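Structure in structure tokens, see below.
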Amino acid sequence: MITLASDFGAVYPAAMKGVLLSHTDADLVDIAHDLPRQDPRAAAFWLQFALSEFPPAVHLIVVDPGVGTDRRAIVVRSGEHAFVGPDNGVLLPPARVVNEKPIEAFEITDVTADSMTFHGRDVFAPMAALVHEYGVGDLAEIECLKPIDDPIGITFPTPTLSGDGTEIDATVLVVDDFGNVITNVPGEKLANYTDCLVNGHRVPIVDTFASVPTGEPLVTVGSHGYVECDVNHGRGDVYFAVSVGETVSFEIFDR
Amino acid sequence: MITLASDFGAVYPAAMKGVLLSHTDADLVDIAHDLPRQDPRAAAFWLQFALSEFPPAVHLIVVDPGVGTDRRAIVVRSGEHAFVGPDNGVLLPPARVVNEKPIEAFEITDVTADSMTFHGRDVFAPMAALVHEYGVGDLAEIECLKPIDDPIGITFPTPTLSGDGTEIDATVLVVDDFGNVITNVPGEKLANYTDCLVNGHRVPIVDTFASVPTGEPLVTVGSHGYVECDVNHGRGDVYFAVSVGETVSFEIFDR
Amino acid sequence: MITLASDFGAVYPAAMKGVLLSHTDADLVDIAHDLPRQDPRAAAFWLQFALSEFPPAVHLIVVDPGVGTDRRAIVVRSGEHAFVGPDNGVLLPPARVVNEKPIEAFEITDVTADSMTFHGRDVFAPMAALVHEYGVGDLAEIECLKPIDDPIGITFPTPTLSGDGTEIDATVLVVDDFGNVITNVPGEKLANYTDCLVNGHRVPIVDTFASVPTGEPLVTVGSHGYVECDVNHGRGDVYFAVSVGETVSFEIFDR
């Protein structure tokens, strides 16, 4: 099985499928092709969510703002999974979530200068097919793969909680297209509470956006399982004046 | 074969695929993941259209505004097809269209309180895989399935026609995102006519939106085969002042 | 393998999948279902790009503004590939790109008047399944296929270059949804140059839109490999006042 994920939108993923299917008869599984554009960090967040339950597979992941620069092309092995894509960090969070063993990384050494703009088709798809045909266990036998120990990483911080769990120092992991502020606080930390202070603003903890009037702020747990700071029909990032990587302090309580 | 349909948009469907593929090597077929959001009735309309020609399969359908409430999780058998999803009516119209035999319904009894927000991944996908592995003929052998005789239904009304077919009392089935008003009148009822009165408004019957000027109303047959009341570059629901479930009267004639 | 491409958006492609899977157990591969709507020429451009690397397959392509008129329904053979769809030219550019041999074309002669609006489901999908089951080599044995020698063609012109390559008379192949003007000039023709005159306007040649201020024009090479005339956060077709089929003159030079 080979999974495909990218920020390509329409048509371009099909060109990668054509290459894959010329080299292998693996089953292809589309993950998403509208990942946050040119944003490896946000893409990595969504991919660690989307891929966490997959059985062993080769995962072709192309969110690659550095294509055409000297960023490396890599393959990452994690247990029986392999991840193929650019060395910008996007591969590591999903690689770590599918398996607990340490990951191994390899540089693809035969990238030619011919392919300047579409490494998804010209570099990563052929390599994904090759890895699938060799088998993930035999990566070391692929001649153009050189072990490296310094793949670029993206890590998501964990929140700091007070002893009783009512004060939380959180970090913004992602702001989505709608301005929703997704933090690193697992949703279960808010169970049984009705309200909170978010950076000093009093905000209700609710199940749905519609629980507050249009334009009003809310805190809720998104379907990804993390606590979000949002505004009903508005932008949470503007209301709370926070952006990716910044800290958010929560004080949670019962009305 | 397992088909997947939802209102999840991007990324979330992939989490369901991961679960399915960990439990089965069934072929997966995407139906659509941008079904009308939180709208089981409109989703059911589109699914009875989309699934009508499928060969026997397990159909995983998640349009589920009631997730986290006490709405039941169910499996519906219709001939050699099985439908897995929430008990809000969305499963029944497609289940009835794929087979003429009476349907049978089962409640999934082992839904734990752990899974509050993403039953697509945590409840329905594992059950779809299980049903696929047992085979649709052996549903009764799955321990956590309990027969029920009261699954929630969604039925679409049929129109009333005068003897010569020129007066039709129709019902609005769906208003799509563009404001197009889709009625329950099969398109062939308008064949050979050029004009009609829609709730008293005189409107031409045309093949394409572009047959009338921008902002003008029209009646046409959509690709789903039903009669629509639309406005070229405008909203039919506003122009005709109708909404889902309301009645529309047609008088059709030749210019 | 059967690939599917259309301008149908959501849900309608699933109806074609249902028909295909009732007749064959071929692997289905989605190419794109948001091809330029009702625009066979632009769709053909994208499909010759997307399908160029595919292994032998049956390609079901439905961009069909003439459905319901007397346009023919056809099958085109190109080497071991077959293309099934309307006779409006959309099949020929991708058919020519997958194989160098001359193409052969056949009319589907048993199209009944019953199917007026959805030939994708009612005519082309059953034929694609039939072609897959017979095998592309045995098209002549399918009774309802009649050889024709005049399938409608779409051809894309090639640019005219001066001896030193610095003056190019190009043609606009496609204007995309964003107003980007895609010409027929292969990207490598601009390598090593920094600036150009486009119809007399001086414009920088850059790698990314963000290299110029908002509202400013630029020339770049798109991921499809062709030279584009664009405006950062604006419409190239408006700025350069050109549309599909028109000529654009480039003079390229180094700053």
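Note that the chains take the letters A, B and C in the order they are written out, and that residue 1 is the start of every chain.
Here, contacts are C-beta pairs under 8 Å (C-beta built on N, C-alpha and C of every residue); 3 or more make two chains touch, one makes a residue touch a chain.
Listed by chain with UniProt protein names: A, B, C = SAM-dependent chlorinase/fluorinase.
This structure is a prediction, so every number in the text was calculated from the model and none was measured.
Undergrad: Upon optimal superposition of chain A on chain B over Cα atoms, what rotation angle is obtained, reported to the nearest 5 degrees?
TA: Copies differ by a rotation of 120 degrees.
Undergrad: Counting residue numbers used by both copies over all numbers at the interface, does the chain A-chain C contact come out same (over half shared) or different (under half)?
TA: different
Undergrad: Let me have the rounded angstrom distance from the C-alpha centre of chain A over to the C-alpha centre of chain C, please.
TA: 32
Undergrad: Send over the residues of chain C in touch with two or more other chains.
TA: Correct list: 27, 30.
Undergrad: If you look only at chain C, which of its residues touch chain B in the complex?
TA: 8, 10-12, 14-15, 17-19, 21-22, 27-28, 30, 68, 117-118, 121
Undergrad: In their complex, what parts of chain B are in touch with chain C?
TA: Of all residues in chain B, those touching chain C are 1, 3, 5, 27, 29-32, 34-35, 46, 49-55, 57, 187, 207, 221, 223, 225.
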